[in-house]
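In what comes next, chain A is part of two complexes: it sits with chain B in the first one and with chain C in the second one.
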Partner chain A sequence: MLRLPKFTLHRPTSAADAVRIAAGHGPEASYVAGGTDLYPNMKRRVQRPTHVVSLSRCADLRSRAGVAGAEVTLGAMTTLTAIERDPWLQEHYPAFVHAASVISTPLLRNMGTIGGNLLLDTRCNYYDQNYEWRESISFCMKCDGSTCWVAPSSPRCWAVQSSDTVPLLCAIGAHVTLLGPDGERRIPLTDLYRDDGIAYTTKRPGELLTHLHLPALNGWRASYRKLRRRGSFDFPVLGVGACLHFDGDVVTRAEVRIGGAGSHAIPAVKTAAMLVGQRLRRDDAASGELIRAAAQEAYKPTRAMDNTDLDAAWRKKMAPVFVSRAIQDCL
Partner chain B sequence: MTSSKVLGTFVVNGEPHEVAYAPHKTLLEVLREDLGLTGTKHGCELGECGACTVLLDGTPVVSCLVLAQEVEGRAIRTIEGLADGPDLHPLQDLFAELGASQCGYCSAGFMLAASELLERNPDPTRDEIRAAVAGNICRCTGYIKIFEAIELAAARLRGEQGQPTREMLYGS
Partner chain C sequence: MAPETGMPESGGATAGGERAEGRYLHAVDAASLSVIGKPWRKIDARSRVTGQTKYADDLALPRMLACKLLRSSVAHARIKSIDTSAAEALGGVHAVLVGSELPVAFGILPVSQDEHTLCIDKVRFIGDPVAAVAAVDEDTAWEACRLIRVEYEPLDVVTSVFDAARDPHGMDPADRIHDYGREGNLHRCEHLEFGDLDAAFAESDLVREDLCFFEGNTHLPMEEHSTVAFTDPDGKLCVMSSTQTPHYLHRALAKVLAAFVPPHKIRVIACPNGGGFGGKSDPFNHEIAVARLSMKTGRPVKITLTREEVFQTHRGRHPVLMKSRIGVSKDGRIKALEFETHLDGGAYGSYGTASTFYTGALQCVTYKVDNYHFKGARWFTNKAPCGPKRGHGTPQPRFALETQLDKVAVELGIDPATLRSRHLAEAGSLTANWMRIGSMGLGECIERVCAGSGFRERWGRLPLGRGVGLACSSYLSGAGLPIYWNAMPHSGVQLKLDRSGLVTVFCGSTDIGQGSNSILAYIVAEVFGLDPQDLRVVTSDTDLTPVDLGSYSSRVTVMTGNAALQAAERARDLLVPHVAAQLDIPKGRVTFGGGRVFDCEDPERGMTFAEAVGTAEAKIGTIGTTGSYRPPKSPARYKGGGVGPSPSYSYTAAVVEVDVDPETGIYTVPRIWVAHDIGRAINPALVVGQVEGSVYMGLGEAMMEEMSYRGNRFGVHKIPSMLEYKSPTSMEMPEVVTYLVEDPDPNGPFGAKEAGQGPLLPIMPAVANAIYDAVGVRVDEVPVTPEKVFDAMQRKAQGKEARYGPRELPRVEWPEPRRVRTPWQGGTGVEVEREDELARSSQG
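== the complex of A and B ==
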């Protein structure tokens, strides 16, 4: 049986109290939102906080504020089901709602939150295993060991960014607010992440992600395309977020992020650069050609490794295909 | 860190139960080990299989990832509370009639997830049913009989006859 280790639970009623309690326990403390990532990790003994600070009673983390045409702010404790079923978000932020709706299963979306999904632990076939399994390979670099079994000569960990919302939200330019012992700060979501399987965020000790800010709607269009084995339930083994800004049918800004294929949502810089300034139209042969050529540039930066489901070389080959489809969706 | 038990009240199937339990236990563990309600099944323990599905304030969740301390006092419904006294829920009747339950390990989770769907959507399409039970895994049936059972249960809950066809029972 996989049981949780012993720990002390704290149930504060505000974000400020949660931060204060966590600060009192330093690295021994962990926040928990829906519990769908932390508790499995605790059962596998890859995360071992002795103090767990639950955010379930923090009413100030469940709000939605903002109107169409202005920035929209979501509390970090908004469940993924609440996002999926919100008619207003469905109308105004359909790509975001789609990305949230393809996460995991309905049962886990009823529990899991947007804050938790943004901070989802990186995943790896050698890490997401129980203690005895990991012990049998002398553990891995991400937890209890020193070798990265995906790339044994590697000085770094290659665990994979596996959140569905992150590539999309990075592409559209979302921001987040973090509350810590030293006060509050607001950063672009892209600055929250680092290209490292272990230290995959820039969150400072004790900081709590309190809010997600979706950018105002001003003519940009976005899409998220997910590759997984089962249509019903799986982490992305490739997840492409794309966002295009237009002046008429001329692309003024483009951002493409490749998830599930590296330790962060990788920016497809060349792809985006090839699109800016170009005239793109739906069902237009020249536009199709240009998009295919630009999408091909996403092959190289995609770092698919043999540490998730499905064949790594095939996942890498699929990157231009999914990038192309995501861009087409934006037309 | 505390290792002794704590005292709490869980409202399961409408009845309050006061119980002493270890504070790091999940709802699944308290239901099965401290309340003796073993209808909720113990599968992967990681939220992947749905065998431990229960309704929490009417919403289906996997009880293996719910901390018991978090749900004291909240309305918990388990498979033991799906029937109305001696009358089985139409889902239970239909799972039995169609053979939608074979080894039976997944059935409680499926029926609870489906019961919430039917509360929310009395006339779901096959695709809506498939989406609603996407978090519940069955290794025996191949799912078709489960979908058919949910469809016929929906019909019976709407006051229609909901009788299985000959094909559903005996194949074509």
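== the complex of A and C ==
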């Protein structure tokens, strides 16, 4: 990897200032939170902002507000370590805390933020390479080239959604607030993403993700199951977020999202549909059978391809196993 | 035939005369030793852990320039033109170097001088360097590289041994990767026969044939290669580099730069290495490039490779495809073993010729093998060149043999530990391929790990998903032959005894973290009764220190140790008569200990060590001695027998426990028991460190590490980064229980054998064997990944062969074998064809 290229660093003290500075530099500007994603990408020359707007001094992005039973709001600059160590979150949102705690290493979680994790660049081992490496494949569609080497006849880029928190937060129905030059808007997290390796978010130019809103606790349970080579640190090459809403032991709503296996957290629609209205109990053979059958439906939508660690065909076969286990966790 | 004595040959001139009693010191009672066998701190430990050790990249000299290499972006092509004009015109650029300026080829082995500092007319893999730039800083040098225009004419790209083996006769000679080698892209092709295989197979009760594949992997040292070169006002070149082999680098520099500087004006200093593992054992193009650039610019020039470039520099584990055919009797004795290996060598020769022989050299030193045949082929491919990595060429066949023995044990209904311990090769014996075994503690190693792990009670009896696997291995304590033929010592030590009491040890060896500098201090301190921390050790500087061949082949403790011991005993012998005269006691009573020299019958009567040196110096002048070491001559006198002989062999046994998830194939390794026959531990703490390090590295190879390439995408390395080239972290490291077995070897200093490589070898097969014990499937391929375990489990569930592994080998027209009769056939260690000739010449 090369050293960082030269750039101008801005350090505003409020989100509004940050948005204003970024707007002034248009596409030349990039926000940076923890820098654990942006800076390596800059060293690889796949992202080349000449103005970097640091959010580290924006105190208004570090808050946590809300009480049990109501919506909880986290500032985008909340570090992953802060989430991992927050006893209140541990008690009330254990699946979210777990998802945050399995991201990378303690050192990177100290720097990495929830906002940054939600906007993590899609990954691909044809893309996350230094300049010379990419030159030797004549570059790729996502940066400097025109072909998606994962699927050369494909008109689109297949870089992979690789955030651990996204599948889980999409499954539980989190929202986010975005602040842009034209004002603030709040959208469901699922609406933030697009199924495209390059244009993977719907964030508008200059918009800053300021807050994450966790839904109120009202009878749902969730789980996140991660597949990776090493237990110590690795990006997910399959990450299943599952959330079940119950009335007694009857499932009233279900949402399963498959991450690390496509350019967005893929909804396992059929799996979820098969669970709704069913009576699910722990250690119950009939429930187990039903979950297995429902989880099997996650095989087809999983778009594992040969652009991450571990064999793509095996990763796809693992999707039903991980979905099944994530659902079991919710019982 | 007369057994070789293994006596270190005398050398050095300062103190001639009778050889001291060093070689019997192995028999010394451990209790009488004050330094040897104790867990002394490494002499450089404080410096290393406080960050004060200066690695090559820490060096910063006034006016120093930075160098970057422009590397090939194509895997195989002819260079039509190189235009450096734009780069030279860039501000801040001081010099641009291209291949035609250094036309002399080099390479670590005399038989494969196939590398150039910078490619001249052809590039052979992505990463082959074509130009070098020296500029005011790295960024400028990198920008300048982007301005160099290289026009390539693409050639066919070969990324596997099957590609390489395709139609060797029909291929256009212009498409060959090299214009030397056997034919086509076949680099080496060896065929050796020891004994009568057909008859032995016919007599066998069980014959099995197994194919397996060991994927390549790399060393992954923390420190990227780095070199600083400068030329002093007298025209003397100095190269300071992260190298394991300063002597061989010196030779390569002298050869390539012969037109510019004579050998005696080249000084190579090996900086402390931040990990080597074999990856810094070749002389490298970047080292020669900065040397020449420093001459061209008149300034110091430094290069530090990026991590991606370290992957391209490689010289790591060869991918090897293997077939092993074994014939055993009912009780498991190996009557016949036929072994075939295919090495994917990558783009250059490197150590590959030796690697090829190593894939066949050590099969017979662990268990008795009555008849043995070996065929080995090495193929050139358009990938980063392979070379020596910890275990050099032997982990791959060891994996094949140890997994095959596990299958034999299952078929014969004998537990794998008993099967092995019943037929151990004997201490002091000769093997079918004429390797002389020294001390042999494998039996005790097996018993120790079995007792610790409960292997015999648990194997085959654990619930589904849990398993234990056993495997054993052996490794050499230093190669018996040097890399280039010569009759000089392999290791030299000089001692200077100062009247202050300081002893300075000079030796060409290189500490790559294994503690070789400390070993020199311990051995010399033991002889003089000093505290090892009080000595000064000066190493790895070709101007100041006598030649040691380098830190490779686990040779350093045995060879520098013997040389240091000889030098120290000679110095002690210089002091003793003068001290005896001064104290007025018989020489036999002069004793060294606690920093004093005294009368063993009246310890009060004596003097300090410094006074002893002064006493002798007053009588005979400045006190200095030398010591040197050459390994014993090998009885393997056939062509190819130069690879494998060693002063002694270490032995290791390991039991690995696995937990497999039967639904996914994902597994973890909670515990490993490993026993290593070290001969004698010069420092048990360092030995345990080497054993645990080997276990760690072996586990990485077993579970996940692989040099994978995009064969269908231009031949690029798939994952040249510390994040995506998967290697275990400390968090994946299981609990390791280490046992040291000490059976002193007559050829080792104080009986010591090697520790750095052997303990890695059993880990990979033990993991595969444990997987079988856990879920009943065979993964005949390294790394044993969850995908492969899962695949084999699915096959099993479908009633197919419960196995994942290769099914074919490339086709080769093997040459006629070189036939050598085994010792028990009355052989002489030479080819049958040459026996008569040699007999005649010896009569004449």
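What we mean here is this: the second predicted complex is superposed on the first by the 330 of 331 C-alpha atoms of A that agree within 3 Å, B and C clash if a C-alpha of one lies under 4 Å from a C-alpha of the other, contacts with A are read in each partner's own complex, and residues count from 1 in each chain.
Rule of thumb we're sticking to: a contact is a pair of C-beta atoms (placed from the backbone, for glycine too) under 8 Å apart; a residue touches a chain by one contact, two chains touch by 3 or more.
Since this is a predicted model, take the numbers as computed values, not measurements.
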Contacts for A:K317 in the overlay, against chain B (first) and chain C (second): which applies, first, second, both or neither?
second
Is A:P188 touching anything from chain B or chain C once the two structures are fitted on A? First, second, both or neither.
neither
Once the structures are superposed on A, label A:N110 by its partner contacts, choosing first (chain B), second (chain C), both or neither.
first
Once the shared chain is lined up, is A:G35 touching chain B (first), chain C (second), both, or neither of them?
first
Quick check for you: in the superposed arrangement, does A:T8 touch first (chain B), second (chain C), both or neither?
first
With both complexes overlaid on chain A, does A:P27 touch chain B (first), chain C (second), both or neither?
neither
Quick one: classify A:S232 as touching chain B (first), chain C (second), both or neither.
both
Return first, second, both or neither, reflecting whether A:G219 touches chain B, chain C, both chains, or no partner chain.
neither
Need the overlap of the two footprints on chain A, from chain B and from chain C, as residue ranges.
1-3, 232-233
Which residues of chain B touch chain A in the complex?
1-3, 22-26, 29, 42, 45-48, 50, 53, 59-62, 65-67, 69-70, 113, 130-132, 134-136
Spell out the residues on chain C that touch chain A in their complex, using ranges where they run on.
71, 73-74, 126, 138-139, 142, 306-308, 663-665, 668, 704, 710, 713-714, 716-721, 723-724, 726, 728-732, 785-787, 790-791
Which of the residues in chain A come into contact with chain C in the complex?
1-3, 125, 128-130, 132-133, 135-137, 149, 229-234, 309-311, 314, 317-318, 321
Per the contact definition, I'd like the list of chain A residues that touch chain B in the complex.
1-9, 11, 35-36, 39-40, 43-44, 50, 54, 56, 81, 104-108, 110-111, 232-233
